[in-house]
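Mind having a look at this structure? Questions to follow.
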Amino acid sequence: MQPVVHFKNVNKSYGALTAVDDLDLAIEPGQFVTLLGPSGCGKSTTLRMLGGFDSPTSGEIYLEGKPISHLPPNKRNVNIVFQDYALFPHLTVGRNIAFGLELKGMQHAAIHKRVTGLLSLVSLQDHAERMPAQLSGGQRQRVALMRALAPDPNVLLLDEPLSALDAKLRQQMQIELKSIQQKTGKTFIFVTHDQEEALTMSDVIVVMNKGRIEQMGGPDELYARPRSRFVADFIGQSNFLEGAVVSVSDGIAAVEWRGNVVHADVNGTSPVPGERATLALRPEALYCLSSKPEGRPALKGRVDQRVFKGAHTTLTVALENGSSLLVQIDPVALSHIEGDDVWVGWRDRDAVLLAN
Amino acid sequence: MKNLDVTRRSTLKLLATGAGVLAAPSIIRPAFAESKVVNITTYDKFVPQSFIDQFQKDTGIEVRIRLTDDQGKQYNLLTAEGATPSTDIVTVTGHRLSQFMKSNLLASLDTARLKNWDKLAAAYKGAPQLTVDGKTFGVPLLAGFEGLVRNTEYAKASDSWGIMFDDENKNLTSYIVSDFLSIVMRYQGNDGDYVTYGDKPDVAQTATNQARDFLIQHKDKVRKYYDAGSELQQMFVNEDIYLAQAWSGPAAKLVMDGHPIEISVPKEGTFGFLYSFNVVNNAPNADAAYTFLDAILSSPEIGAAMTRQSGFSSAFDGVDKVLNDKERAALSLPPEQVERIQFFSSINRDMKNDMIDKAAAEIKAA
Amino acid sequence: MRTYFNDLPKTALGASYWIFAVYLVLPLTLMTAMSFKDANFIAFPIGNWTLSWYAKVVQDKQFLEASLYSIGIALATTVSATIIGVWIALLVSAENIWGKAVIFALACLPAVVPGLINAISMRIFIRTVDIPTGTFAIILAHTVHAVPFVVIMVLTRLRSMPANLVDAARDLGADPFIAFLRVTIPYLMPALFGGMIFCVLTSIDDFVRTFFLGGYQPTLPMLIFAKVQGGMSPEINAMATIVLVVTTAIGIYAEHFTRRSRS
Amino acid sequence: MLDTTTQPRSVGLPTAPRYAGWIGRAASSGLYRNTIGLLVDSRRVRLAVLAGVPLLWIAMLHIGPILQMANISLLANYPPQPDKSSEYTLANYGLFFSDRLYFVPFVRSLVFAAVVTISTLVIVYPVAYYVAKVVQPKNRMRALLLLLIPFWAGELIRTFSVIMLLANRGALNVLLREFGFIDRPIPMLYTFFSLSFGVIYLLALYMLLPLYSAIEKIPTPLIQAAADLGAGPFQRFRRVILPLSKDGIVSGCSLVYLTAVGVFAAPLLLGGPNSVIFPEVIATLFHGSNDKWPEGAAFSMIMLVVSLTTVGLFMRIVGGRSVRLM
């Protein structure tokens, strides 16, 4: 299938500063794609280039196979939901949504029908006559979304649209956004720095760092199989173990780490014995036992700190080899209080080797 | 060189027009030069409306009046317009006449074209102050003088300008600095009109400085240096001042209105001047201007209306008979005082204006 | 006790407001009162009262003509100054424009040049480029004077405008011109309204520029000044009172209008 | 913000909104697309249109007249006279520095303007604060409007009304005499007092509006927070309100100062023998019996440069960033 959006070797620099570095990205139609990364990673610039508010320094952007880099924003069939919504304060909700339709030269009756339809999609059909200032944050968010959807764009761009909402509303909107995306079948490109948002809604997550793509894939894949330390660190929490490769067999690498030999999935890398390597280990992948287990690898340590977090509890375990690990356990477990001796281990495939 | 200049100017013109079109209801140059129009710059109500209506009906010439309040601004306007004036007739006071003439703004008058010229009072026909090199400038309208004005209820009568410097009148006097300088020079026995100083600038400067220093020394007597006749009237009415040097017109109007005011000419004497209508040099409608001037001379009623409006005496013959008793009384002076009036000359104006202006500025700045 | 101390500054502030209001309004009240005085000159006490000055003013053809002329000039000035002012403000607020600060400073120049100097230099200038004195020249001079105020007001408002409002309009299919018409202009409305009121007031009030650039038709201030020259009589107070009442009525209507459109 | 209970705007008139307004229709028409639509598509055309008219306007009508005046200030004679030279000279500027005569009114003008500016600030600040922060928001416009009414009467009328108030037989003196406080009228008119009174009366608007808008923008919670942290009224004013209204103070002071430096009619009508200021000197050079346009133009240039420099320095020292009026 032809990608709906294709960035081909796109560079964008402002003077000496490189915002986007040789970006090559193809997006399939109908997907919910999230550009995830810390601020300054180039995700917003990428979005603005797609929207037509910035032009690439070099490279070309294709929308449905046609180059669009030279087109002004008003000639591109993409629409943006802005971070602060950018609703026109002097127009009613209805007129805000009708804005793009009016400019297409549509007649009153057709516009009216479409506006009403879109508003009922988000249960705001009674609010067509209100001014944006009279709406709540979540309502404004919905209006902005419907305004951007109204002209029936190929691709909808969302620039951190949830950042201004409170935590509870944000979760609610995540679900709503995803369902609207599914109902309309449009390609959504969503920009955020919030990994939770990304994991909840996306079909594909593109993790960006310093203007480059770090890794791209489905949420579970990214979570379970981070390819780089940056991704492992940015999405969820990880323990990082640095050691030297001892041997590789059957996709499992043995790594010498502080006098112990530990195991991890090679994760698509091709480790060479003797080389240094880093492996990433999710806290929830660790098991924690009061006594040394039989037939399973385990390292001995002592509970240093215990933090109750509601859905789970985290332990900081000081190992005998001098390092410490973050371990996540069942919150109702009454054992493993501070000062207890514990054995910590993991299944070989739950640890992943990172690319150097 | 000439070519270059033309190009630059037309470029500027083009640019100005371009910028102007944005704001322009019309860029068309108004038709100043129409045969059936006469443009007059003058004072409010100076020319009676009834006369204008009649004149327009009789001759078919449209009268356009531009109101002015200040000789200086009128002069600046004419100067700025240069060789293409938009005015046909201007109203000039005697002591300003030379300035207008020097800048070549006025055309000399062909009195033969005015068949009513004889209706002027004898004294003003070809008056010396309107004559330069044998040519006549302007139709005299009104005559006035610089008088000593006092509030008869508060200020005691005096026959000398010296009363203006009496300690009794501290903070109670007012005058127009430049005019009063001339009078003080006269008071001090010098030639306040500079007629005799043509080749003696040193003597003139000494005399001027003497008057200047005297006025600075007596600055504590002054409540205000004023400019306009209405200011003077207001100060007298409000009792801010009791004593002043003033043009006779505004003061006479106070008298006509029944205020306790008296105008006199002290024994040291004073200066007189004429208001005149003048045809502007290169006037776009000179013919219409002559028709208008001739018509205005035709009736003493018009002279009387001007007198009522301004408070000055008319230069037309027979106006006395038209005025009522109260008006006549306000305008009349005892014969011995009339003799003390010396009309401003048009000789040696540059020296006079330079020295007086400088001294006036120094007095104000002191 | 605590509330007493808290209220003290508030009371003082209220007092300062009302004293100031009296300071502003009292002289005008006197002026209005004087318009009923039955005498040729102005002074207290008023003595006999009369309405005859109003009768005189209302029948005065000159006054009516001058008023209409002034209003016409003010409207033309307002329209042109608003267009030019907004245009300059847009240029100054645009990104990537070289010498922005200089352009802004020059745009404000006429506001800080004293009126007299402004008028004279303008008079010399229009002679240089061969524009005749008269209505057009007056409007030009008034516009030059009013433009800086419009620029400042519009610029202040533009600075507070969220940048992505225009982006949003562009995104929804508006070209730059349509985005300007449909988004920027409505957003600027309060500033434009303020600027327009300012233009009207300065234009109607202007005397010195009008004198130097005017033709034969007197504007209101020219007429009043010329009449004043003939002696301060209550007739002028009557004129001023009428002007004041009319402008106040317009102002109150404008306030009413903005309040209604805001709610 | 979260006012979801508000009724739709037109309660009694449930009209369906009319979409497809004239702008939309025009913008989508072929005519528009092929004319303006095409033009604005080009960045170069857009820039030319954006910059062209303003730059032309400023060059022609803002700078042009001043340059012409600067030109005249360097001429030996203007308007040109046949018998006199019209060479370029610096003598007109030299005149200003050579004579105390012009220097005294000049300094007087600057000092006078400064005093007026500070007085206006002190008088108007509490008023602006009261309107912006104490008056209920719905009454604010009305409170402001009451203060604006006098400014619609025109400069001339306002000046004359001050005379009616302060003259020896003006309202104030008549009143004082009526109540027996004084026997003789107090001469208030034609003094520095009456001049300042009148000029402040004329210019208060230029201070009021910028101050009001600056103070109005200070978030009230900030002031409450300061109070909560134990700051008394004075502390709150000095540490919170004053710094936050700096922009308004700078704008207001600049406007009032620049206008006060060049104020012309009021000093003529309200000033006394000892309050002659510089604009009158300049006007005399233009209006005096002997025309001295070049000198007048030179003095105008000096006044322009000095007053603008003063304000520039003031802004730099105080650190105001933007000039605003409302």
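Order of writing sets the labels: A, B, C and D. Residues in every chain begin at 1.
Everything that follows uses one rule, which is that contacts are C-beta pairs under 8 Å (C-beta built on N, C-alpha and C of every residue); 3 or more make two chains touch, one makes a residue touch a chain.
Values in this document were obtained by computation on a predicted structure and should not be read as measured data.
> What is the set of chains touching both chain A and chain C?
D
> Which chain pair racks up the highest number of C-beta contacts?
Counting C-beta pairs in contact per chain pair, the top pair is C-D.
> If you average the CA atoms of chain B and of chain C, how far apart do the two points sit, in angstrom?
34
> Rounded to the nearest whole Å, what is the centre-to-centre distance of chain C and chain D, using the mean of the C-alpha atoms as each centre?
Once rounded, the distance between the two centres reads 12 Å.
> If you average the Cα atoms of chain A and of chain B to get two centres, how far apart are those centres in Å?
Averaging C-alpha atoms per chain gives centres 88 Å apart.
> Counting only residues that touch at least 2 other chains, which ones in chain C make the list?
42-43, 84, 120, 124, 128, 140, 174-175, 178, 182, 225, 228, 232
> On chain D, where are the residues touching two or more other chains?
Counting only residues that touch two or more other chains, chain D contributes 23, 27, 41, 53, 57, 61, 167, 169-170, 286.
> Touching at least two other chains at once: which residues of chain A meet that condition?
72, 103-104 - these are the residues of chain A that touch more than one other chain.
> Please list, in label order, each pair of chains that touches.
A-C, A-D, B-C, B-D, C-D
> Tell me, which parts of chain A touch chain C in their complex?
The touching residues are 51-53, 72-74, 78-80, 82-84, 86-91, 99-100, 103-104, 147-148, 150-151.
> Can you list the residues on chain B that touch chain C in the complex?
Spelled out, the residues of chain B in touch with chain C are 9, 12-13, 15-16, 20, 22-27, 29-30, 32, 39, 43-45, 64-69, 73, 76-77, 80-82, 86, 228-230, 233-234, 237-238, 250, 253-254, 257, 259, 309-310.
> In the complex of these two chains, what residues of chain B are touching chain D?
Per the touch definition, chain B meets chain D at residues 15-16, 18-19, 22, 70, 72-73, 75-76, 79-80, 82, 95-96, 99, 103, 171, 178, 219, 222-225, 227, 231, 234, 237-240, 349-350, 352-354, 356-358, 360-362, 364-365.
> Going by the contact rule set out above, which residues of chain D touch chain C in the complex?
23, 27, 36-37, 40-41, 46, 50-51, 53-55, 57-58, 61-66, 68-69, 72, 123-124, 126-127, 129-131, 134, 141-143, 145-158, 160-162, 164-165, 167, 169-171, 174, 201, 204, 213, 233, 258, 261-265, 279, 282-283, 286, 296-297, 300, 303-304, 307-308, 311, 322-326
> Would you tell me which residues of chain C are touching chain B in their complex?
39-43, 76-77, 79-80, 83-84, 120, 123-124, 126-136, 139-140, 143, 211-212, 214-216, 218, 222-223, 225-232
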